[in-house]
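Presented below are the structures under discussion, each in the form of structure tokens.
In what comes next, chain A is part of two complexes: it sits with chain B in the first one and with chain C in the second one.
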Partner chain A sequence: MKDASGGAERVLRYMNKELAEGAAAHRDRIREAAASQVQKHLAAMKGLSRPKAMEYFDSMADPFGPRAEELRKFKEAGGKIIGSLCYFAPAEIVAAFGAVPVRFCSGVYEAVHPANDLLGDAGLCPLVKSTLGLKMSGASPMLELCDMVIVPTPCDAKLKLGEILQDMVDVHLMNMPAVKSTEAGRQSWIGEIKSLLSALEKRFDRRLRPQMLRKSIQTYQRAQAAWRRFSELRKAGAIWGRDALLVAQLSFFDDIARWTQNVERLSGELEGRGPVAPDAARILLGGSPIVWPNWKVPLLIEESGGMIIADELCSGSRTMHDPVVVEEWTMDGMLVALAERYMIPCTCPSFSPNLEREQNMLGRIRDTGAEGVVFHVLRGCHLNSLDATKAAKALRERRIPMLKVESEYDEGDLEQVRTRVEAFIEMIKARRESSG
Partner chain B sequence: MEGGKVLASGAIRSSMNPAGPVGELVASLTAKASVAPGMARLLATGVGRKNMVGAAQMTDIMAFSRGARFLHPATRIVVDLGGQGVRLMELDPDGTMANFSTNDKCSTGTGCFLDIMASALGVEPAYMGTASQAAKEPAVINTSCTVFAESEVVTLVAKKRPKEEIIAGLNGMVAKRVVAMINLASARGDLMLAGGVAMNAGVVAAIEKELKRKAILPDQPNMVGAIGAAVSAGGSK
Partner chain C sequence: MANMRLVTQIFGLILGNGMLIGLPLFGTSNILRHIYLPNASTKFFIYAPTYATLYKVQDTVFSGWNSMYIDLLLPLLIFVVLMILLGRVWCAWLCPLGLPQDLLTRLRRTLGVRHIEMAPHHADFVHSLKYLGLAVIVFYTFALGAPFFDLKRMWNALPVPYEQFDPNRAMYIYLQMAVGLAPPSTYVPLMSVLVAILFLGTCFAARRFWCHICPQGAMMSLFNKIAFVRLRKDPAKCTHCRICYRVCPMEILKVYEEREGTDVSSEKCVHCYNCVDNCPEDGCLSVEFLGKKVVESRYRCQCDEKGVRT
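Let's look at the complex of A and B:
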């Protein structure tokens, strides 16, 4: 099988011709289903109080839509596109080469089917299955444009996803240390960042000049600053969480300077606005990544009288919250700063002991006045399920209610989950009455 | 309900379109309680509550916490051993619900599970509660999955294991799962068991044995949610 970039013949270790053809047959259905899911959710998100500046983000929301077309033209003109499958791959390094980084964690339900055909019931989370299914079916035009995909290995599922994808596309694996509190763990991760740089230099056949990396880091620092300003307005309740999360996720594939401008414009519009739903229960959303258009949980929370005023998702705030802090603008200094930025503040459950996670959640609860935590676990995301147990205890001890919601991408359990979310929000509001 | 007294109660089996039968039930209850039609305040709770157009609504989780608080004010934990799920509600000393947990999306440990096992054993569901006492030694049921447990039960029957011992094993398995939920809760104090499965004496005894303490059992465990809804609609005044 030839890869999308027309590279060398691939050795198929997982796939065969029949599976590849079967997967391709899913392509149109996946595209149609994704487009209709995007439109359905956008319709549910539009309301009277919706800021005008959201129009830009709505127009970019279809992951198979206008941005894919832009990138197709970019590639035709000789541009390079590098995919990544996790929070951990620093976009700054890819962008420093003038290439476009695109993050491909998939939230498209229909795309799980080709992966199920290949793997059977392997107990993987729907995010990994959906991402694999996207590549197998060729449904995502952006993913098909990628010259290479960077796959960090935080969990078993992504570890093997990175391997299976090599049947179809060039993959650069990044070995994630599970223990980050030791010097050995830190050094191993810095080594991975440097080896990513070498892999990209080899692929693009040129050395990266420090000033290019510096410029790229600064571009992302502006994006991170814009996100933090926006987060303050979100905390004040000026915008629904479902909109804020969409904004965060479009940074996965948008032109980052244009994204930053539009976030600034949105913040400008929200500045001075009061809360859109002053009576809503203030919810911190945590747990497994929630990836557009898998908007089941955010919509349920906000349709049931809650408002997501903060999140701790790697697909949400974590994407842009922390700045890269460079002490020395040398190549080495910048790479170390990037390594630290992508690992130290990250509370991915793949780390052990992940003590920062409860601390981070409690800090955010204090900072935002969240009244309860919804901890979402994708079925098959064992590490988040384990962290949920730990989070529940820490929160219980501080009398902060937490609801663990375990769910898949399909909407078969929509009403069951709704009942629980409604009860949770009802409880938070009843607690207000009894304490106030 | 009026002035904290239940005037009339009743239960019907749910159907695809509950509004009609529930309307009839409401009519018969108001007649029984001698309340003029239209004078009763109606509050709908439970899975199908949204079908009751025009009625005030409350989730069953909240209703159970209110019902438990009303029936036994010292209740700190109430477990609804329901037909389709097990839910645990924790109450603050002032009766406000502080947290809840559920075991949904799996039928194990529910009334539905016990009904399926009763049918696999060829006994009436009600016998599942009384049979435990007659058991010399509870059978060991290894799996908690409804489908696999059913095949285990069939195997035990084929091996001529007395039905009572199998039932005691099943009740014990349900109890273990409930006790695990109780142990995860942080509230301490009186425990109430409610819901249809709380009418199964075998399950209740097994829970009490595991916990080494007595649980509070309301007179009508299956009515706790309904009473909580009635209390919330003003029935305690």
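Let's look at the complex of A and C:
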């Protein structure tokens, strides 16, 4: 198989010609299915009190749509696009080179099929399979534009995804330490960040000047500030959680300065507005990543009388919540600040002991007045499933109800999950009445 | 907050210590001479209104054998009261040695030079040296003065230690000479010059290095547990982002690591409040005086800031 940039022949370890052809046959079907998944969920999100500023985000929502077209033009003009498959790869570094960072985790249901054909592992994380399926089939125009894909390796599925993808695209793996509380773990991660920088320098064939990185960090700091302001409004209930989550997700691939502007505009519109659903049960959504357009769980919660007032998802507020604070604006100082920002406060279940997770969850519950927790687990995500057990205990001790919801990348489990979510929210509301 | 500190530091330098301009009015006041401050000027300054407590301690321990060290009572009482009131707030806000350290850090950052970062366990070791330094100073001066040690003849070879080491002396006396306050013949011990050079070098390379090993700081650290000024943390608000540790010039891990308790005051802390200033979680870190919140952390975007912070 040829390199995307027409480079050398790749050594195929997983793929073969038949598989590639088979996957390519899925392409149009995946595109159609993705488009209808996006449209269906967008239609479900449009309510009466939807802020006008959400129009921008709706228009950008299709990951195969307008933004992909923009990026195609950008690339034609000589621009570089670097994909990343997890939260951990600092977008600031990629953007500092003038390249566009695009974060990829796929929420397209249909795309799991090519990956199933290849791996035959029905139990594997659907998010990873879907991402792999997108690349195998070539369905995602944005993913096809990537010159290189950065794959951090927090979990087993992502670890192997990084390996399999090497059959199709240039991959830069980032070794994630599983223990981050030790100095050795921290140093190892700082080393990974530095090696990412040199890999990018090699690819772009130029050295990164500190001034460029500084500017890039500041651009993202503004985005983080905009998100903080927006989060406060969300806490007050001025916007539905499903909309807030979509806003967070679009930062994955949107032009970050434009995204920031639009978040500020949205916040401006929401300022002073009362809660959109004052009686709704205030829910904190946690657990496995929920990636647009896999909007099944957020929609279920909010259609059943709940409101996602806060989340602790790596695909949600974790993306933008923590600021990068640089104490020393030297190259080294900036890289250390970035490394620490992306790893140390992260509550990904791939870390052990992940003490921060329940602590952050409890802190956020206290801060937002959430009445219950929905802990979402993608089938096959053992790490989140295990963390759910731990979270359940911590929450039970504080008499905060929690519902663990397992889900797949299809709509087969929809009604079953709906029944459980409805019962959970009713229970929260009943508690409210009984406690006066 | 760093800029606020700069103002009080300059105020402390000029008024409290009378170092650069010298204040003859204070210089002749006998009452002020008896109020020793935790880290005021060296006693060799012309017009210094008062001296550091450590000087008084040294002098009395050296010469007070016959008077049962009774002279120490009042200065130590004042010192304890000041410590209970403010703890090591003196260090970051008023100390004449703090200001040059902060200015050196500002200079280093403007030049874009990397700082030397100590690993937590190294920092702990360096911190413990200050107690050793203090113990050596006190014991040595005691030995010099106590008749049964018979060390009087050591006096010429190695007199009262901190008077010789104090980098203040070399740093400011030359300034006083330059502006004509001190006669050009003023004696500056070679040791003080060497320590001052070491001071400038290390404090340029590492943030507030002198504060790690300062024997006056050691004296103050002893009272950390009972000081009215406390650094508080609300662990439920902490996301463990480690920013507080990264911005801490004293390399104190406790503020970052604490998960249960609310008191994160440390004997190493010089109370610069960089951590409170930079903590991105509203109300997570705060400074309390007698249980009353003085200032607390608030998220703010670093991108809105101008200039370099120290």
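Basically, the second predicted complex is superposed on the first by the 435 of 436 C-alpha atoms of A that agree within 3 Å, B and C clash if a C-alpha of one lies under 4 Å from a C-alpha of the other, contacts with A are read in each partner's own complex, and residues count from 1 in each chain.
To be clear about the criterion, a residue touches a chain if its C-beta (ideal position, glycine included) is under 8 Å from a C-beta of that chain, and two chains touch if they have at least 3 such contacts.
Fair warning: this is a prediction, and the values are worked out from it, not measured in the lab.
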Combined model on chain A: chain C and chain B, fit or clash
fit
First, second, both or neither for A:427, with chain B first and chain C second:
first
First, second, both or neither for A:396, with chain B first and chain C second:
first
Check the residue A:257 against both partner chains and state whether it touches chain B (first), chain C (second), both, or neither.
neither
Counting residues of chain A touched by each of chain B and chain C, the higher count belongs to C
Quick one: angle from chain B through chain A to chain C, Cα centres, nearest 10°?
110
For A:340, decide between first (touching chain B), second (touching chain C), both and neither.
second
Just to be sure I read the superposition right, which of the two partners does A:221 touch: chain B = first, chain C = second, or both, or neither?
second
Which partner does A:362 reach: the first (chain B), the second (chain C), both, or neither?
second
Touching A:178 in the superposition: chain B (first), chain C (second), both, neither?
neither
Classify the contacts of A:414 with the two partner chains as first (chain B alone), second (chain C alone), both, or neither.
neither
Could you grab the smallest C-alpha gap between chain B and chain C in the overlay, to the nearest Å?
23
In the complex with chain B, residue positions of chain A that touch it:
392, 396-397, 399, 401-404, 406, 413, 416, 419-420, 422-424, 426-427, 430-431, 434-435
So, in the complex, the side of chain A touching chain C is made of residues 183, 210, 218, 221-222, 224-225, 228, 321-330, 332-333, 336-337, 340-341, 344-345, 355-356, 359-360, 362-363, 366-367
Give the list of chain C residues in touch with chain A in this complex.
109, 112-115, 119-120, 235-243, 246-247, 259, 278, 280, 299, 301-304, 308-309
The residues of chain B that touch chain A in their complex are 47, 58-62, 65, 92, 94-102, 104-105, 184, 186
